[in-house]
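Should a chain be cited, it is by its letter among A, B and C, assigned in written order, with residues numbered from 1 in that chain.
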Amino acid sequence: MSFLTSLVNGLSLGSIYAIIALGYTMVYGIAKMLNFAHGDFIMVGGYIIFTCVSTAGLPPAAGILLAIVLCTLLGIGTEKVAYKPLRHAKSNLAVLITAIGVSYLLENLALLIFGADTKSFTNVVTWPGIALFGGQLRIQGVTIVTILVSLAILIVLQLFINHTKNGQAMLAVAQDQGAATLMGIDVNKTISLTFAIGSGLAAIAGALLCSAYPSLTPYTGAMPGIKAFVAAVLGGIGSIPGAMIGGLVLGIVEILSKTYISSQLSDAIVFGILVVVLLVKPTGLLGKVTQEKV
Amino acid sequence: MTDKILKAMTPKRKTAVNGKSPAMTYFVVLAAYAVLELCIKTGIMSSHLQGLLVPMVYYAIVAVGLNICVGILGELSLGHAGFMCIGAFGSAVFSLLTDGVLPDGLRFLLAFLVGVALATLFGFLIGIPVLRLNGDYLAIVTLAFGEIIKNLLNALYLGIDENGLHASLSNQMALGLSPDGKMLINGAMGVSGTPHDANFTISMVVLLIALFLAQNLVHSKHGRAIMAIRDNRIAAESIGINIVRYKMQAFTISAAIAGAAGVLFSHNISTLQASSQYFGYNVSIMILVYVVLGGIGNLRGSVIAASILYLLPELLRGLNKYRMLIYSIVLIVVMIFNWAPAAIAWRENLAAKFKAARKENV
Amino acid sequence: MALLEVNNLCISFGGLRAVDDFHMTIEKGQLYGLIGPNGAGKTTVFNLLTGVYAPNEGRIILDGQDITGHKTIEINQDGIARTFQNIRLFSQMPVIDNVKAALENQYSYSLFDSLTHLGKFRQVEKEITERSMDLLKVFDLDRFAETLASNLPYGQQRKLEIARAMATNPKLLLLDEPAAGMNPNETAELMKTIELIRDKFGITILLIEHDMKLVGGICERLTVLNFGRVLCEGPTKEVLSNPEVIKAYLGDE
């Protein structure tokens, strides 16, 4: 039974990774950049909800909604101000370093406003959950909600990308920016939209992550951000189902190795999985192999 | 011999590959050393600032090492803190083992070599899988290896008694150490009691050696092959350059230099811990920031950028809690100013106008 | 004995036969042309000859040695050097270092010598520099020795690519559209250069080209490729007046 409990917890953590990884992978696929600040949007979302619910006494739903809206706007703004000027820079390291700068900026702003102390986050899911097998297997409400939300996001995203004009535009820009421009696609708008979706998802991930692990600091988003990045690469960066699978694999491996092997070594095992997968399949589980033309 | 080395240090050709003369780099470093030493000797420099000198230099050394990987080989590594970590722990354990057995100078020299050798070995071993990957995949795997190294060392317990070395990944008790045994690595508590063998002068010597090796490499047959691969792998193959061999060489040398910095690290700190603060991916990223701001492929730039950026938050100490905020804004603004095509065009335009105006005045 | 003998060379990409039953014989010292409409598979033939792709079938014999299936690096050591349709220089390196890099396998000193500039370093570097300058002089590029390769004018970049290939001491030089993007003056200069290196180094050259003036002007024999198959081959004049070839180029009216 404890194995099942761990598995469900792993699925839940994996779902959160998956939601973050979706943002990573979309931004990478379309804007061709590693947005190192992406993880910090989780933290920003967390603090917004915390302020709304714990300080201002608003209902959780209002807090989450506000967090999504503000993170979306912040995402669009960051892209416009910090990333867009460097889109055609000589080295793609330039925008990577700028993203690191944005990450520092967000963390230190949070540090300044909220302080370094850990804020205890109120669970936004009030449903206590269910008990199975005569109470032997208890699944928390937030766990179930997390898994369902991530599934819903995956389905909506797939529908959006495959069946709407904007979604198709994203695919086109991901393939070839120049050609997309010639086809009359507004590349700037498409990239903005991508950042908007990614940042909005990060806010949702923030709500779920902080509900499941209710402690919030300015650095809350950093490690989940990196893990989600690993998940995105594991699944094949640029691939939406890949991000989902990568996230789930990572979450399950992490929780299982914490339970059965060693909590100290769980991160080493998680990163070890990435190394092994990439050695067998250098472009991730669902990534496409591209060969440079001679 | 010294004469020969000096001769080798002064290159015949003035214009270097990246437009920087190597001799100038040594001069800059030596001049900085002289000025800083003078400040220490005359008591101008606060003891707080003095304490920052060794870290400043070892970060400059890692930056040089990382620049070989990023600038010369052209592959992004986000795991160099891991190699530093290996150098630090390897040498610290050696120093603990030989403390009191060997004379201090010899002990440190050997510890240095052990640390570098271990980092070299790990650079080689990790390079074998990593260098098969490309671009961002390679970057994330180096990050993964860096985290794995940090994580394993964090969980490692190592002790020694009359029966030899004991190691465990679970806890201290599992070592089964005899009562008069000695703990070498105590899990997350790390290594304590490493002799403080590193100082500013020694660090500067190591920096000079690192620069000497790195700059020589750039101006050599091996360096040219490495840079040819960076510029165009397909063309490099077509002229018979062995891609794997040269990539491995560059990556291993780069790891070795990071390891050397690690040795200085562990011999300058009372308790060495494999924590995220010292050896996490964020440290690798911080070093990458030095490399990029100093100029990709510009070794002298790496040293200067690492020194300034390391000291900057300290110099901003007066601004207290705003300093990291300012640091991050400076970073973003500098990146956009230096790299954005629009900013570059604007700067060139301005320079041209300035020139024209000067001509008119004359 | 022929320098290059290719028989029954085939390769398919995902069911599409890009090159089918390709054959060709080049004698030592010949200046040979491979022509054909766009998409006929000319560059694919080059990629097969240089080991970028391994053929599904067929044999490649260079100077009596079977080099089929050798890797790119080995093929360079076997004696084939090439240039690329879209110029591939070491753009962030000086012109002279582009040539020096190509001397890689002919001069050696240890990694330790590289790191310390001791040992054989000075002596060997001196020889490398002299060889490189000599080669650059042949191509009239010596005045650009210290210029960054990416800052060279277009025509000179093409020449540098040939110089770099020549530095590996090949028996056979493959030129992939050397005149692409050149103006008539540059093309004329290039034709002189190609003939000069053939005479000076006694080398065999196989080139892909669309510029018929260049092909007709310097090539001795031609092979025409169409839809991945050899349409015809023979002395330049005969081939160029072959009605089949004209049809392949101008289309069926």
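Here, contacts are C-beta pairs under 8 Å (C-beta built on N, C-alpha and C of every residue); 3 or more make two chains touch, one makes a residue touch a chain.
Treat the numbers as computed from the prediction; the structure is a model and nothing was measured.
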Most widely separated chain from chain A, with each centre as the mean of CA atoms: C
Interface with more contacting C-beta pairs, comparing A-B to A-C: A-B
Intercentroid distance (Cα basis), chain C paired with chain B, Å: 42
Whole-Å gap between the CA centroids of chain A and chain B: 31
Centre-of-Cα separation between chain C and chain A, whole angstrom: 49
For chain B, residues that touch 2 or more chains besides their own: 234
Per-residue overlap in chain A, given as positions that touch at least 2 other chains: 294
Residues of chain C engaged with two or more neighbouring chains: 52, 84
Chain C to chain A touching residues, read off their complex: 43, 47, 52, 84
Contact footprint of chain C on chain B as seen in their complex: 4-5, 8-9, 15, 17, 212-213, 216-217, 219-225, 227-228, 230-232, 234-243, 249, 253, 297
Contacting residues of chain B [partner chain A, same complex]: 70, 76, 129, 132-134, 136-137, 139-141, 143-145, 147-148, 151-152, 154-155, 169-170, 187-188, 233-234, 281-282, 285, 288-289, 292-293, 296, 321-322, 324-325, 327-329, 331-332, 335-336, 338-343
Chain C - residues contacting chain B, complex: 50, 52, 72-73, 76-77, 81-82, 84, 88-94, 97-98, 100-102, 104-105, 107-109, 111, 113-118, 121-122, 124-125, 128, 146, 164-165, 167-168
Touch list for chain A against partner chain C, complex: 294
